[in-house]
Amino acid sequence: MNVVVNGESTGVVLGATLGVVVDGLGRGRRGFAAAVNEEVVPASCWDTTVLTDDDRVEILTAAQGG
Amino acid sequence: MGTGGATSLDALEAALRASGTAVATVALRRVDVDSRGSLLDVLTRVGVRLLPNTAGCFTAREAVLTAQLAREAFNTDWIKLEVIGDDVTLLPDPVELLDAAETLVDDGFAVLAYTNDDPVTARRLAQLGCAAVMPLGSPIGSGLGIRNPHNIALIVEQASVPVVLDAGIGTASDAALAMELGCDAVLVASAVTRAQDPARMAAAMRHAVEAGYHARHAGRIPRRWHAVRSTPQQGAPKLTTIDLGAP
Amino acid sequence: MGTGGATSLDALEAALRASGTAVATVALRRVDVDSRGSLLDVLTRVGVRLLPNTAGCFTAREAVLTAQLAREAFNTDWIKLEVIGDDVTLLPDPVELLDAAETLVDDGFAVLAYTNDDPVTARRLAQLGCAAVMPLGSPIGSGLGIRNPHNIALIVEQASVPVVLDAGIGTASDAALAMELGCDAVLVASAVTRAQDPARMAAAMRHAVEAGYHARHAGRIPRRWHAVRSTPQQGAPKLTTIDLGAP
Amino acid sequence: MNVVVNGESTGVVLGATLGVVVDGLGRGRRGFAAAVNEEVVPASCWDTTVLTDDDRVEILTAAQGG
Amino acid sequence: MGTGGATSLDALEAALRASGTAVATVALRRVDVDSRGSLLDVLTRVGVRLLPNTAGCFTAREAVLTAQLAREAFNTDWIKLEVIGDDVTLLPDPVELLDAAETLVDDGFAVLAYTNDDPVTARRLAQLGCAAVMPLGSPIGSGLGIRNPHNIALIVEQASVPVVLDAGIGTASDAALAMELGCDAVLVASAVTRAQDPARMAAAMRHAVEAGYHARHAGRIPRRWHAVRSTPQQGAPKLTTIDLGAP
Amino acid sequence: MGTGGATSLDALEAALRASGTAVATVALRRVDVDSRGSLLDVLTRVGVRLLPNTAGCFTAREAVLTAQLAREAFNTDWIKLEVIGDDVTLLPDPVELLDAAETLVDDGFAVLAYTNDDPVTARRLAQLGCAAVMPLGSPIGSGLGIRNPHNIALIVEQASVPVVLDAGIGTASDAALAMELGCDAVLVASAVTRAQDPARMAAAMRHAVEAGYHARHAGRIPRRWHAVRSTPQQGAPKLTTIDLGAP
Amino acid sequence: MNVVVNGESTGVVLGATLGVVVDGLGRGRRGFAAAVNEEVVPASCWDTTVLTDDDRVEILTAAQGG
Amino acid sequence: MNVVVNGESTGVVLGATLGVVVDGLGRGRRGFAAAVNEEVVPASCWDTTVLTDDDRVEILTAAQGG
């Protein structure tokens, strides 16, 4: 199954949760936020949010900005 | 202080400390798996409060979503709301801005709205329930200072919420002027982070804000067309035998 | 700091302390047998260095005599040389000023020359051996700030001696600007002593001078016609299904 | 004998010195300067400077000034 | 030219003639049964085209209705659209303005939109199909001139429709500057009608617009920090035996 | 008009005609045996009065000699007196200038003195018997306009002879402003001769001078902090069922 | 029957048209526009627009304005 | 004999007048002025002004200037 993570197509196992994808980045979870298909998913729901094919996932964190 | 534009996290940390700021803005961007160092660690270490922004959003919808994501990421209701109209001027789009502000205020955010220097738009933002209005002095990063002090003064005159001058500051005297016009604070990013010596410019800004704040409250002398002596002529000696007088 | 215009010696003392100044100007006037308190005692207590002036002189001859009397009275070679052209503008008379400066330099004085903002006159004063040139921002007591920053910058550009901005300062941002233009110091009198709260304005000026000094040396960002992002678009999330892009 | 002290005609005894006139103001000598007929007289010479009729004496001290 | 502020119809007629204007604004007000003379007769006699305005409207709804009434009364599709935000600044309300502009464009009007100097709002008005955008220099009747030339230049830079500077003009050089910034025309009312000699000020404005228009297209010299000789030194005589040279 | 900077005599002639000027300045330079065309022929043909200058002189002695040579060459007592202090700013040297002015006035010249914008120097020049004072707006050829309008206004305020703004004009609105400040005329050279289209810029300047002159005498409206309606609210229709009023 | 004409209550005969009210002002019709109850009424309809009690009538014309 | 004309050393016959030198430029005399050794010589004196060795002669005319 493929999902689009931060703009890049990424293969994930069927039934993968958002939590798995976030953890896969290897940067922990603190200071992160995520959206699936342009809807916010609170961190408390990441492990219960099962992704489906072609989901658009945005995983975001702090960057310098004015 | 804004955190954009710094060449390194070390330079940023030094500037933040020198500025004495209580608040630092951050943007929300895709996780960069290759990046070293953590901006959040720096900000935590310095002890500033986070103010996430919605930089780069062109529509109310994008800005609202960004604000909601920021709330999740940083656990704060504060949001610096930016909704810009184009890529060249980076000026706020008042319609999308007001739309987003209304949605976010209803959603419980403390909205600090980056706006142009139009007094009517600023008043509308305040009436919608924004926590602060942040009029620009001139376009972001232009360093042109406060192009229209008259408008900033009009905004302050009718403000029911704090006014924070945002964008356009190039140097310390610009920041002092903002405070003299009655602003409650000043937000600077590029002026500090892109200066040749960011920490020193940050210190300059700290002094400038103090200076302008005290000057505002000290009651300045009026502007006069002609001169007014600071040294009285009374008691002036007569040191010429011929009285020359003034022409 | 100039001492003219204060409503009382107590107010003056508070302002001097708040300003952090190292130097205070004084005029020379006929002894007033009825006056209470002593200006000299105040200045000694605060610990500032005296800089006598020749305020009120219209001719080189009067100014030279006044300077010599000041040297006797205060035991200092320093003199702030003022020779004005008329009673309305209180602007310096360049001819009498240059004449007096030459005489006083020859007589061993350290001459700090109050001058207009003409770069040629300033250069002539420096060439005559003045210890500092003190161009005006605008007429004494007018509070009009720095009317011609271009001239002040030209004076600094070619200065071989310290440049002290004198006269015209109305508020803190004026003082910050003077330092940003490259002046080595700022002399303020009425702006502080005639403010509603002189001590507070003095503190404002202290911060402003610090601010402008550091900003000058921190290397400000250039002025640009268009905006320059402080938040990079790189890594910006895609939060709309339709790509709106910028107009 | 009359001399003009700080613009006011003042009677003094014949042979009065500048020092006597300065002391007559009752404010001491510190921080004072004096001129007679538009010429500076150093404090060290005050007691030996004998005034003559109609001399113009200026006795000056610090005043507030910008 | 705007017709507001004139002390009499005769004074107005003289000013209109002296201005050489092709267009005159009129407001729509309740019929005054006691008034003598007819504004419409004057305008017909002078031969100017009528441009009705919606002065005094605070909402899109009022402005649309006023525009429709004006169309009935004056048999013209032209409308100067004013929707203001408050009684003190008389500044346009961008939200109501954009709303009214959209309705009126759809209803077939040629909308000339009086707006603040925000480039984004101006661009939105043009995109909605307005026939012209009319940014202000400063608040109506203030005579403060063009407070933010940078914004006017940005509006011109991206304009797809004519730009007419409206409001704030105080004197002739303001009008010349507007044209130099690239405006296609200038609308003046109070500056002429409330001048001491309206017809003379009208003539001044006519010359100023010509002046600024030609200057804009003549390609001005660049601004330079230092001087540039207009008289070449080449061929200069040697008139001193000692070569003094320049310092 | 000044004649310096033109790329050809034809371009100069066209500009002179378009400007409507009555006077043209010329410099005195060594005869160039190779030059084609005659500047004097052009000026005679256009019918302007010659005003020789002393451009390039650094001392009173050089300037006096140049003026005397010009009198011989052009058979006129008029002289535009320039004595500059250095090669970088081309700013007048007030001491040499006053010295030369005194000599030339005594020698029967009608001296039009190019001076800085110092009101005291200008008054001294008038008192010496100069026929006109010609303060600068900014350095020659800089195009920076009138850097210190306050000083120009002070010069006019106390002027006993005509005031002609000289140097620094960059575009038409600068010339209009000079006249509004009360100058009696404007001298432009580079702004016209070095514009991309000199004849068109000359026409612009002609209109600008007219504009400023009439505006000066028409009695402009005062500057006000807040807006002043040009359309009265009296008689405004009620077009809403709910009375919205102003915020 | 009473209608409000330009803010003032005015008595008119039952069945009076807008045209009658406009003409009653004695200033002709050229350059006039009219609204009844905040709706524009084109001049071509004035004579057929019958007013009813309490109608709000606005009759407007050109005035000086910027 | 040599004189310096407009900065350039120039040979002239002994006893040459200023007038001769001016005429030698071949541009007539109208609109010209001349100085010898930094002193103005009026045109009326050119033909009677005899030059001597090493005289510094300036012959000037109108040039464009602001």
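A, B, C, D, E, F, G and H are the chain letters, set down in written order, and residue numbers restart from 1 in every chain.
Keep this in mind: a residue touches a chain if its C-beta (ideal position, glycine included) is under 8 Å from a C-beta of that chain, and two chains touch if they have at least 3 such contacts.
All of these numbers come straight from a predicted model, not from anything done at the bench.
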Number of steps on the shortest touching-chain route linking chain E and chain H: 1
Selected pair, greater C-beta contact count between B-D and E-G: E-G
Chain whose mean Cα position lies farthest from chain E: D
Distance between chain centroids, defined by C-alpha means - chain D, chain H (Å): 66
Approximate Å spacing (C-alpha centroids) for the pair chain B, chain G: 54
Touching two or more other chains - residues of chain B: 2, 4-5, 27-30, 32, 53, 55, 65, 69, 85-86, 88-89, 91, 123, 140-141, 144, 150, 189-190, 193, 225, 229-232, 235, 237, 239-240, 247
For chain G, residues that touch 2 or more chains besides their own: 6-7, 35, 38, 58, 60, 63-66
Complex contacts: residues of chain B adjacent to chain D: 229-232, 235, 237-241
Interfacial residue positions of chain A with respect to chain C in the complex: 6-7, 35, 38, 56, 58, 60, 63-66
Parts of chain C lying in touch with chain D, wherever the complex brings them together: 2-6, 12, 25-33, 38-40, 43, 50, 52-53, 55, 65, 68-74, 140-141, 167, 187, 189-190, 193
Footprint of chain B on chain C - complex, ascending: 2, 4-5, 27-30, 32, 53, 55-59, 61-62, 65-66, 69, 85-91, 139-144, 170-177, 180, 189-191, 193-198, 200-201, 203-208, 210-215, 217-237, 239-240, 244-247
Chain B to chain E touching residues, read off their complex: 85-86, 88-89, 91-95, 98, 116-121, 123-124, 138, 144, 147-148, 150-151, 154, 158
